[in-house]
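Going in written order, the chains are labelled A, B, C and D, and every chain counts its residues from 1.
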Amino acid sequence: MQMILKIKTPDQKGLIAEITRVIFEFNLNILKNDEFVDKENNLFFMRSEMEGDCSIKSLQKAIRALLSPQANIEVFEAKRKKIVILCTKENHCLGDLLIRYDSGELNADILAVVSNYTLLEPLCQKFNLPFICIPSENLTREEHETKVLKVLERFPSDYIVLAKYMRILSPNFVKRFEGKIINIHHSFLPAFIGANPYKQAYERGVKIIGATAHFVNNALDEGPIIYQDITKVNHAMSWKDMQKSGRDVEKIVLAKALNLALEEKIFVYNNKTIVF
Amino acid sequence: MQMILKIKTPDQKGLIAEITRVIFEFNLNILKNDEFVDKENNLFFMRSEMEGDCSIKSLQKAIRALLSPQANIEVFEAKRKKIVILCTKENHCLGDLLIRYDSGELNADILAVVSNYTLLEPLCQKFNLPFICIPSENLTREEHETKVLKVLERFPSDYIVLAKYMRILSPNFVKRFEGKIINIHHSFLPAFIGANPYKQAYERGVKIIGATAHFVNNALDEGPIIYQDITKVNHAMSWKDMQKSGRDVEKIVLAKALNLALEEKIFVYNNKTIVF
Amino acid sequence: MQMILKIKTPDQKGLIAEITRVIFEFNLNILKNDEFVDKENNLFFMRSEMEGDCSIKSLQKAIRALLSPQANIEVFEAKRKKIVILCTKENHCLGDLLIRYDSGELNADILAVVSNYTLLEPLCQKFNLPFICIPSENLTREEHETKVLKVLERFPSDYIVLAKYMRILSPNFVKRFEGKIINIHHSFLPAFIGANPYKQAYERGVKIIGATAHFVNNALDEGPIIYQDITKVNHAMSWKDMQKSGRDVEKIVLAKALNLALEEKIFVYNNKTIVF
Amino acid sequence: MQMILKIKTPDQKGLIAEITRVIFEFNLNILKNDEFVDKENNLFFMRSEMEGDCSIKSLQKAIRALLSPQANIEVFEAKRKKIVILCTKENHCLGDLLIRYDSGELNADILAVVSNYTLLEPLCQKFNLPFICIPSENLTREEHETKVLKVLERFPSDYIVLAKYMRILSPNFVKRFEGKIINIHHSFLPAFIGANPYKQAYERGVKIIGATAHFVNNALDEGPIIYQDITKVNHAMSWKDMQKSGRDVEKIVLAKALNLALEEKIFVYNNKTIVF
């Protein structure tokens, strides 16, 4: 059995020694171990990939006994996760995930795809995935989200992936899935927050555009950033050209960020991420 | 009507003036114009995107009359191209093209997919594309290629895209489609020519890996390079990790190179490319 | 003699033909030619590097006769430019330019270095450059700028390079040198406008930082962008670490942008740049 | 006192626990800790930055007692290193290090600069550094190296930095400074080994060029790679243009690699590096 241990706790001398001693006493082999000390906030972060056989509950209890009451400790079996994808009309992020899913590269099961339009239904059907269209016309934001929530309840998942889902989620919705919603924003945040970042980038005359995968929080495009990448642009490109080129960045950035989440390599903290 | 003019000719004073005068006399509007002078070899390259109505034959004749007999002149209507894809077992390059095809982003019709294995047949069927499997077992290279050639004759295309087709093509085959076969090599050429470049990269301990799209010529992995890109790697990555990360580069590099070819933006010359 | 021609004019059919015909009639050889049509605004941009002997005045007149009265036409001999550098305390951008100057790589004469601190005086003295310190203490912005202006009048230059000059220039000052002041901003604009962008980047938790070279206009950090580049950062880096890493980007970006300006490859237009 | 501990040892369960327990018993605070397990070769690597007061000898002895006899253990005080720079005619790598030295950014003392030409003497004199010219004319490789060695003996250093030193070192010379000589090669190794890589790159028609910093071993350009970076090129660039652009990459890559060495963040192993 492979397990993952994630700890966030006030820093103090001897922490690594004590924690790894317990791991050793449980007869576990550490496959990969990462630590980080945030000196500014005196916090210690640790993530261990371990192999062996033990009761996860007992291990957690033993580590809990070592650490400060403020410590945040997670131990779990490393296993295939479940995701639900939300999208709107663009197929590149969804399609990229589907192709990874089809080859087995994606280390997750896609339970369902939810969209406010029907456009991507045929694509999902090709891959035999439940596609649920929830049009937003004539609905308040609340009414629409209530319907989306019902679908998400039918398909309980580890992560909700916004693969170019062009609607803003309400604080209530977001709070319910804190740290579980991954969005791809089509700009190099914090540049060009909000609508049509490619048009904004074109108008500002930037020479580089980018994409940002982040966890969603209540402030639009201001959640903790997981991964970013960029591509060069020039004066000869229209904003449509930038959009076309940017889509290649978007899909790779989203896939990389999702993969980090699926491997439980991310700590969220102070609206930032620690990525091991 | 949109037309493209491509000229390669010995350089001399006044070339641009004369050529663009003819274009003007044919009442064409130049949408985009690019020139390049290779001083070392005294060669002039020009590519014009033009709009208007005229006889392509007459235009070609008029330009021919201006230039040296060694000049290479192509004029044609800018129209949607046809491609055939060859692949083996990996789905990422093929899948990426299929998703672009599905959204209409790919400016070409995929006529057929040919493979030496059946593994990718279900994927092609999802997109209703003819999939022709030509296994190579118990066949000489020549026999196998003869069968592939027959399929290519059934589906005459503008470009043949090797989307991780893991067989080496014979000189005869290549000669037949000179400048028409685009391959993606999974290394940053000329580093790691040949088999399993990711393993080679891992063993050499490089800190960056890449992918190279190139036209195929007779020397293995030595054809004219169209586009390259890279990604950073580190000591903690196995060669399988590098391969996984490299695949994201491969598919984007292949798509960008194919797009340049479809838009007729490439000149091949001296085993190099000029990309406008 | 090598000359450069730069034209910005309303687009119309036949422009390239007419302009290059005049160039041919003046018996000039075109070494490099670039055009761009901004369809949105129906504007045509052209830059030619030409070789030959002719009266620049006559050439300008002949081209002027062809074009719309709104056309902007510049013709000049390609020759070594003069620059003045303004800096404050950091030595990396200034030092980088000095090393390029020392080897002859920088295609410009550095006439003088002006600073509001004395810290970089010894560095400039090593390279025998006039160093003028104008402290800002006890001076209003206007008084300080008046003194700086006097120095700039003593050393008339083609470009003023802000090599980490940490003072904001007044609209009056900027207007006087429109399109002549190149600044390096230590962020990937438009992200992190204003003070201490590395601290802002650290606090936002971005995964990429950058630098932006731009012409200075009246709005802080909002002038036309010439060149940008980036580097990856991670959670383990403090803002000081980001600053250290970012400095390497800053100096290269500034040098590249300055080089583009020295080679007269930039058009400024609509608060954006066209870079050939 | 800040100390660094570097361990390379056959992997086994409980290593981290035991080592960090000893560190704790010596009352040291771990500031930064990194581990890596090479599963293929069953090797464990660990690097700790620690703070506290203790006898380094006793600490080393205590850790030695824990580990296999094959273990490689280094403990030392983190202190400012000494370097000697070898160069030939190009000033960009040397100049970059001098500017970093001048600001105090470079965490090392430059003891001397050795060159086979006098060209860079004035630059070194500006910074008051001993410059020793050892011309190679009329000398065998052995005679020349004997003279260089004498200088290196006069200036005992931690690292010898080849800042574009264009001579090949003999196996004898290299063996004497194993793991202590850092070279910058002006290509993206293993592409373009040997002379004039920019010309090779130009002739091959690559779209990306790079630079590689590596430790020197007996095989030309085949030592363990520390750091690499790249920049895009295109058909319009001559090999001289590529060289000019490449120099910006070279100097940054060399400085980054040197910095990693100065901070003792590199393990060399199997002709590869582990960089924490």
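Criterion: a contact is a pair of C-beta atoms (placed from the backbone, for glycine too) under 8 Å apart; a residue touches a chain by one contact, two chains touch by 3 or more.
These are the chains along with the protein names UniProt gives them: A, B, C, D = Formyltetrahydrofolate deformylase.
From a predicted model like this one, the values you see are computed outputs, not experimental measurements.
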| item | value |
| --- | --- |
| Winner on C-beta contact pairs when B-C is weighed against A-C | A-C |
| Most widely separated chain from chain B, with each centre as the mean of CA atoms | D |
| Between chain C and chain B, distance of the C-alpha-averaged centres to the nearest whole Å | 37 |
| Euclidean distance of C-alpha centroids - chain A vs chain C, Å | 40 |
| Multi-partner residues of chain A (at least 2 other chains) | 32, 236 |
| Of all residues in chain C, those that touch chain A in their complex | 36, 40, 188-192, 204-208, 210, 224-230, 234-236, 238, 270-275 |
| Residue ranges of chain A touching chain D (in the complex, touch as defined) | 13-14, 16-17, 20-21, 23-24, 27-35, 37, 39, 232 |
| Chain B-facing residues of chain A, complex | 32, 90-92, 95-96, 98-100, 102-103, 105, 123, 126-127, 236, 244, 247-248, 252, 255-256 |
